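Presented sequentially are two complexes of subunit A, the first with subunit B as partner and the second with subunit C.
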Partner chain A sequence: MAKVFIYPATSLILSDLVARYGHTPLSSATAIRERIQTAGIESVPLQITPEEPKKGLRWAAVEVPSGVRGRMALYGPMIDSCDAAIVIKDSDLAFGCMGCARTNELVKYLVREKKVPRLDLNYPKSEEEGTRFVAAIKRFLEGLGGGK
Partner chain B sequence: MTVPVRIAQLSCGPEYSGVQQEINEAAKAVNGEIFFPDIALKDIIRDFEAFGLDVRSPDLKLAIARAKALAEGRIDADAVFIATCFRCAEAAIVRNELRRYIHNNSKLPVVSYSFTERTTAGTLLTRMEALTTIARRRALLARETQQGITLGVDSGSSTTKAIVMKDNRIVGTGWQPTTEVLKSAQDVIGHALTEAGIRRDEIEAVGTTGYGRFLVGKEIRADLIQEELTVNSKGAVYLADRQHGPATVIDIGGMDNKAITVQDGIPGTFTMGGICAGASGRFLEMTAKRLGVDITELGPLAMKGFANHVPMNSYCIVFGTQSLVNALAAGSSREDVAAAACHSVAEQVFEQQLQEVDIKEPVLMVGGTSLIEGLVHAMGELLQTRIMVPKYSQYIGAVGSALLASGFIRDD
Partner chain C sequence: MTGYAPKYPGTVTKYIVVESPTLTPSELAIHAYEISQGVMIKETCFGLAINGSEDVVDDLIRKLRAFDPDHIFVKDRGFVPGDPRRCRSSLGGARPGFHGIEFETTVLPYVSHGLTELRSRDAGSIPAPQDTLETKKLDVYTLKKLIEALEP
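Right, the complex of A and B next:
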């Protein structure tokens, strides 16, 4: 069983897929809703305090905006502990979405630098692409070993 | 309890910076209520694309979509608070454009702020108070003449001022450096009353403003305790006789600076805050001390010098003083150094704060520093406009308080 970091970390579909193949998804598991009534698109599921941006200094310098460092306090440890990663590019907001583009750039770079098995996929635009998309994820997860 | 002012928040990053609670608390302290405009996920991209500012961060796209919904009247609000992370260039562009967009396309008062994880409710309080005042007290702010006998007290960080007004005229003034907040207030009130020849019990209504407004207001049982952004705006357009149409008010204070755009006497957008001491009245006080002149002599001295003869451009008071000392040691004239100090302060305010408001003429400079001729001249050069300094400009907060307080005089 592998710990698999998913990007976007808020994608419930991706998180579910990883779990179905017997691995542990590393994600923030925030539901993207039909309506957005919270502060941000990926509003925090837990109480973030001003301490989190300080903890985030481990992954981003003090000159980096506090919102990036606060997010890194959440996502940084996940990236550090992952055995594999799935990165979906240009995904639809409804699929899963992280609110800060600068954090997203840093997260994807750190995942790349981690040099663990990684699956990079473009978000499917058609049903046919969707089928290939799910199949690719299935192959990747089965290939990690230790799963179902 | 009055109905809370509903403040729509457009933001990126406050939750992950751990400051959302601080924003909520600041709003609650002035009977405001933060809410996030409810918007459908499917509408975000449509509205963001229609707005036309092609940013990458989804939360900024959400903020843009929410701004459109507010401006188009699809969502009801009384005021708008825009907040994004400090040091994020993308967010700064959005913050600036949304503030301008809402100002131009709605009647909603708007304030913008860039936060760090160190931002507290206390830092935000005056801005929130101004925002809720503009939303709640438009009728009070519409007052154009003073009636009866009223007293206004401005308990500022550097100086305390008092004004007695009678039948739309200033009849008494008091001014002194702030030491003990209450004692300074009592002293200037005493002076203003003596000058006016009016007894304390003849005063029909009292208003306070400035950092010590709550303490002083409670002590002297003020009818109106009001932050300085709205009060100074009102005082400035009243004294300059520019109560109708647009104006911009600049107040370089001892501790922080304010830049406010005003329409018909009511603040539209504003920035407030310290940049650093190198961009405050404190630096000019230090300059005067180092040059061995009284602060009242610094302005005329600066007018005789040339700012570009001395390199001085720092928002840190320590580095600014270092430039000053180096210039004097290298043989620069006192006049040139005085001019450079005025230019440096004006330049910091221009670069750091005035970029956040749309300057509309006439530009009015108020507060104690507006009496420093060299500073007003330097600001005028930077803004390429002639700046107005109304009579009694150093008493601006006290005048605004006395003016607005007359709305509390009872007919009985």
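Right, the complex of A and C next:
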């Protein structure tokens, strides 16, 4: 069972398909859950403490905004531990109230640099594209081997 | 600065999103209540949020997915259902993560179609998706025209 990093990390579709074909999706929910379920200092809403931007220094330089470094404290360990990655390129939802464009660029760069098997896709816009989308993900995940 | 103690340590929360022409979230919630074993279930407009120990939640999801496997989708959630830091009952308006689900819900029918198709077709025989977003870079002549057009 491979650990598959998904981008956008909050994607319902990727999270479902990766788990459906027997692998472990690495999503932001699991990283947030770790913090929500760990006792410590109250830091609403996401339990992101001042320690996180310090941890983020592993992936981003000190002059990078703390928001990027704080986010990298969530995504960095997942990228480090992933065996493969699926990236949706036209994922506008990754930018906005829960996203950060610079973090997204850094995340995609680190995934590319890690040289793990990677599948780049766009969201399907028709039924035919949907079939190709699911088939490509299925082929990719079956190619990783070890699916549950 | 106050201390923080988690309310439900060691549990997992998962969303079940229903995008089915034959099954509503409320029907799925009734099925979930019937077969659940000590898990917390919250019905939402798009499906369910389930909290409990991992093996029990996974078992429940496996059973629920069997009702309509191509139209039921599952994802992890960090917060427990009704957590005041995220629940809109205490914050007002949709929580930020809802907008992601809202967008992907528009794509789910195509994904469901793909899952149904793959039951009768071999994934190897289906061509790879076309990259429809390959855009040409803006050339300098077009850029110059744009700049001139904007000048008064």
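General remarks:
Basically, the second predicted complex is superposed on the first by the 123 of 148 C-alpha atoms of A that agree within 3 Å, B and C clash if a C-alpha of one lies under 4 Å from a C-alpha of the other, contacts with A are read in each partner's own complex, and residues count from 1 in each chain.
In the analysis below, a contact is a pair of C-beta atoms (placed from the backbone, for glycine too) under 8 Å apart; a residue touches a chain by one contact, two chains touch by 3 or more.
Small disclaimer: the values here were computed from a predicted structure and weren't measured.
Of the two partners subunit B and subunit C, more residues of subunit A are touched by C. Of the two partner chains, subunit C is the only one that A:Val134 touches; subunit B does not reach it. Of the two partner chains, both subunit B and subunit C are touched by A:Ile36. When both complexes are overlaid on chain A, the residue A:Val116 reaches neither subunit B nor subunit C. Once the two complexes are overlaid on the shared chain, A:Val44 sits against subunit B and subunit C alike.
Of the two partner chains placed around the shared chain by superposition, subunit C is the only one that A:Lys125 touches, whereas subunit B remains out of contact. When the two complexes are overlaid on their common chain A, residue A:Leu57 makes contact with neither subunit B nor subunit C. With both structures placed on the common chain, the touch criterion links A:Val68 to subunit B but leaves subunit C unconnected. Of the two partner chains, subunit B is the only one that A:Arg102 touches; subunit C does not reach it.
On subunit A, the patch touched by subunit B and the patch touched by subunit C overlap at residues 32-33, 35-44, 93, 97-98.
Against subunit B, in their complex, subunit A makes its touches with residues 32-44, 48-54, 63-71, 74, 93-94, 97-102.
Those residues of subunit A that touch subunit C in the shared complex are 8, 10-13, 15-17, 19, 25, 27-33, 35-47, 89-90, 92-93, 96-98, 121-127, 129-136, 138-139, 142.
Taken in their complex, subunit C has these residues touching subunit A: 1-6, 8-13, 15, 17, 73-80, 83, 85-86, 96-97, 99-101, 103-104, 107-115, 117-118, 121, 123-124, 126-133. Across the complex, subunit B meets subunit A through its residues 9, 11-20, 36, 38-42, 44-45, 55-60, 62, 84-88, 90-91, 115-118.
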